[in-house]
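Read through the structures below before going on.
Look at the two complexes coming up: chain A is in both, with chain B in one and chain C in the other.
For the complex of A and B:
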């Protein structure tokens, strides 16, 4: 290990770009919780917000970039083993393990930050407590974990920033490390396809082990460029990208890469996938309708109501909401006006309602507090957490 | 009846003998509640799990993925920067959100400072073409300083103490004095270093001269202190009284032992397992001990020093990515036929075959690909009876430390002159079961220790209990 790297960075992987001053600034800003069971609360968020430049919440990431240090490893898609994992949180209790917060459900949100969307991270950051609260209301039995990503154009410095699957205040912390360049280059399209690729092939979510799906949202106003390029995949995710894909259980021929439609089809196998299109009449619509079902494209006038729209979609998909009670939910729980509630209802009414409920194990998944024999077991045990006082088994014992 | 047992994992080579995978398997099978760490944090214990996780553990035990706790004992040397990085990595990549809840550290655990790391690397660069072979963390440097300047040593309990800065300043001043020629502004680095090493040396010098460096070290050390749980001997005693299974993981192999290893290419640490068992006894452990040696099915060494059976072709075939593992500090990875002469010596310095309950043999799948299993059970050129028995075995020399070190230096010179007598087993048409049988009988015959685990791959499912 290079020493400058060691004293300059928290992460092993990107030490070659390191600067040891950074190590300390990062350590000051990121508190590692001794017991990270917490969820994102208003108090924690308010406290963290005091350390953030709210005019430009990504200033920390930008400063790092301006110093030539590249992306922070926490939002660099190539860092930390490339695969992003959303795992159930287990804590040992006697000889057993307790599920701390319910089965982990992953929500990945991918925001276009080109051109007029350059402020999307600021908007998302400010809306985070509201978004989180609403998501908790429609996903109450799960452990809510979120990946935030932003994408740009391949001609920009960073095509993709992608956080880890986080809960609690780390969701907000990692937003501040992103680098939205606000470019776009006016070349008829942007490059969300590498983020979609990551969602499909470089994500490992426990919810999928149960046969259920996570959620994946892309917000844009442009078509995606085609094709997906090997060189760009290696640029975004590192040279080992195809090994990581393989490690994650997928086979991809680097010389015969999937199209954007094929990537989305693969993503749909593990995630309820939606595209938010912020300009209905654009050429973007013509493009996206060729790569994803029309009922998974949601038309929005702006990104202001994204938290409410996402909550509505998830509520409908999970069977927590119906179209008939949605307006009441939005008015009473999200505090939006009746007009806005009606607008959201219209936008989401075509989605596959109850899609999650139709999946096997929907009503069987473990719940918060269930006990398991092994940390990675899927299903709970009937045993109690006390010390094991059973008799020595009669079979031959190895050593 | 409740089981109270500690599995002591002993690398009977030069390190790199799959201690991590072996310890992980034991932890899985026995549902170990705690892994006890001894040795140095420069260790890199690889674990690959059947559900796709891969990690090299340094401070944390190899049972971390399974939810086992880690206890870092007083016989371990830690490095706070690396500890924090490791914890962050386990959290960020592997989603162990409450990672520090898994860790307790004895208050008297010695800590490496960045000045020790820098100094250790300086020394290796200064050796030019005669490298000692180091990992480059500074564990040895720290241990030597602890012995010579005990008042300056920094322990886990000091990481948050007001005296930390003062101690760091003392360490820095001492190192400044030791390297004053190199650190002076008019030094011509080419007088001291290879041209290729000048850049590295300059980086180190910059850090020494960086006026804010100590502040940042204090900041990081304080931060680590605020995260970790520091324990005392009462905690360790109660841990040892607890029912259930624990695994003791050490760095290095016994052939790197400071006294009984092949000098000068040894660690500053004492590696022999009996010393770790003494610690367990000292704190009142009354349960059963299971001592499990680990080796690959071929000889391997990462770094300078003897490896009598070294074979270039085998190295290329067995460690195809060996060039990636090569670095300025440890040098090349080398492999060769499994050397039963050195294994026997390793067993003997631990107390003989009766000390061990079994041995774990790894990477048999790689040998299958070679279609032949080469072993060495004697050397040519081992005629000096000061060092070898008439039957060719290496003598275990007993004396005071200094005389022993001198003897071991001469022994290394003897070994460097030896060549291996190789025996080759054709396994090209041998079913796996028969290969396992052959492996067991050869180990039993040569070492008088039974094979209790054999692995044909990386994950716990690839390791067969016997």
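For the complex of A and C:
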């Protein structure tokens, strides 16, 4: 027996030997291991954490860097085709395909790791199980997939580390491969714009195929440098960056690159985008309010409550939470104090509430367990949005 | 048309008062009391009204608490702050199934007007009545608007709509209020000086327009009430953005205005 297509998910199984007992035991173990890997449970996280230096969770990535090996391909923005893809997960079922976890929803988080933010990956890693649980509560019908990214200054070794769109323990694994340098060079700003560029032009998310949007969060305390430079784009994403952008459906003139505001405007077309300004100075506020609507800037004193703030934003955007019930949700489901709940509510109260619910197909997207004819089909078998197979109410129904 | 509110309340719409891209505004009756009925233009705008409800409830809570604290410290027993005069009270809030699940806010300004018809946007003064106010009348309007900003800025709230259509006055009783808080932002950080300055300049410009003046320069027509240029200079200074603290702007404003015109009730007067 030979198993094919084992890259995180099993697509099909080719039986070369008729050993049914072996087939079923093997299939069971595959399913178990997939489930273990693809859902971030406390147990799985705890097991993985044993292999991590919790004082410096990125030591694996740092060691690789110190050996001169550069970034691990799993967090190198230039690796693996450059475009990061968030895809619906399908499993074969007879002649059909079953949607394993609901439609994939992508959350990209971009953390400043310069200067005093050098510990942000450690903080995010520690908070990951809490963040994951909360996100599952507000995104219950979707397949939660996350890209974690960190950014620095163009004068640092690495401007950007960017993971793949992952689920389960791989999210944690790829965090440990990052290289936060803690630099920044004190030059009045950092360089998150290349990460924002990737979010806008180098991301392909299935959620967008349905007309819905993913989520994009940038955390910083400084302005972004301008302009976006061709040389830096090629440095971060490789010489083929403009071909990859084109492959992903966008046309960009390398000699007339978009401004940061234009990049964010483009990103807003496919993602509910927010900037967290943490303990910011006036210069940072002055800058960010010129490139993104103030309703999308969230002011925070520190990064301690980022998981709760993100869950609150997503809950409001998805219509799962209202401002009226948010405090109860945060107190009861996130176990924060009333004061913290009020602070979070205040911080997020200006965002566009219910924005996802207004988008086409919000009420129509496929759900976990739906069956599809083809693996990349958008809609389940014999179902297209808008069609209603129910009997007309005027027809006589005999009991 | 009747709109069913919470707890068997029925709001009968009397007439449409205004609209903007987010909502329609009606005068409505509940029993004998008139209110403003604000309904989202579509379900898509429900969130804006939900946010407004949160801001108004927060301001009311803070205003009540500030009043209690003030009562402990005041030197005159009848002295009150009345910050709640500056914004509507949420009388009711609900999603109306009969109206395509649009959110409805019932807003009351009963502290400053027995009937909603006692109030009018200041745009009516120059655009409908085609008159201008005299300088003494401008004192209570601008003075109260600056007092409002002292309160809102202290709460880290930016109103972000201080246009002539959003500032209401009760001409007879000398009350001022802002009606629409759907564009407002309540921030969990201190406001920037620039942000405060923009709103101070904003209210001053509207009052200069009421005086028949130039909102860009602050220049107002000559008037026999002004014996010297002190009031004119103050308006110009406010419009130039030299004030970024509403408390100081409010204090300076009344210090100068009272030095010119001692405190005395001056009926609403136009020219």
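Everything that follows uses one rule, which is that the second predicted complex is superposed on the first by the 342 of 399 C-alpha atoms of A that agree within 3 Å, B and C clash if a C-alpha of one lies under 4 Å from a C-alpha of the other, contacts with A are read in each partner's own complex, and residues count from 1 in each chain.
Simple rule for what comes next: a contact is a pair of C-beta atoms (placed from the backbone, for glycine too) under 8 Å apart; a residue touches a chain by one contact, two chains touch by 3 or more.
These figures come from a predicted structure and were not determined experimentally.
In the superposition on chain A, A:86 makes contact with chain B only, while chain C stays out of contact range.
Once the two complexes are overlaid on the shared chain, A:304 sits clear of chain B and of chain C alike. Of the two partner chains placed by superposition, only chain C is touched by A:322; chain B is not. By the touch criterion stated above, A:343 is placed in contact with chain C alone, chain B being left untouched. Touched residues of chain A, counted separately for chain B and chain C, are more numerous for B. Residue contacts after overlaying the shared chain place A:367 against neither chain B nor chain C. In the superposition on chain A, A:248 makes contact with chain B only, not with chain C. By the touch criterion defined above, A:74 lies against chain B but remains apart from chain C after alignment on the C-alpha atoms of chain A. Looking at the complex, you find that chain C touches chain A at residues 43-44, 46-48, 50-51, 53-55, 58, 185-189, 192, 194. Those residues of chain B that touch chain A in the complex are listed here as 1-3, 7, 29, 31, 33, 51-52, 54, 65-67, 69, 81-82, 84-85, 87-89, 91-95, 97-101, 114, 117-118, 121, 136, 203-204, 207, 213, 216, 219-220, 223, 227, 243-244, 290, 292, 357-358, 452, 465.
Chain contact summary for the complex, chain A toward chain C: residues 280, 282, 285-286, 294-295, 299-300, 316, 322-324, 343, 345-347, 349-350, 352-355, 358.
Against chain B, the residues of chain A that register as touching in their complex are 1-4, 6-7, 9-12, 20-21, 23-24, 27-28, 32-37, 73-74, 80-81, 85-87, 89-92, 95, 97, 164-165, 167, 204, 247-249, 374-376, 387-389, 391-392, 398-399.
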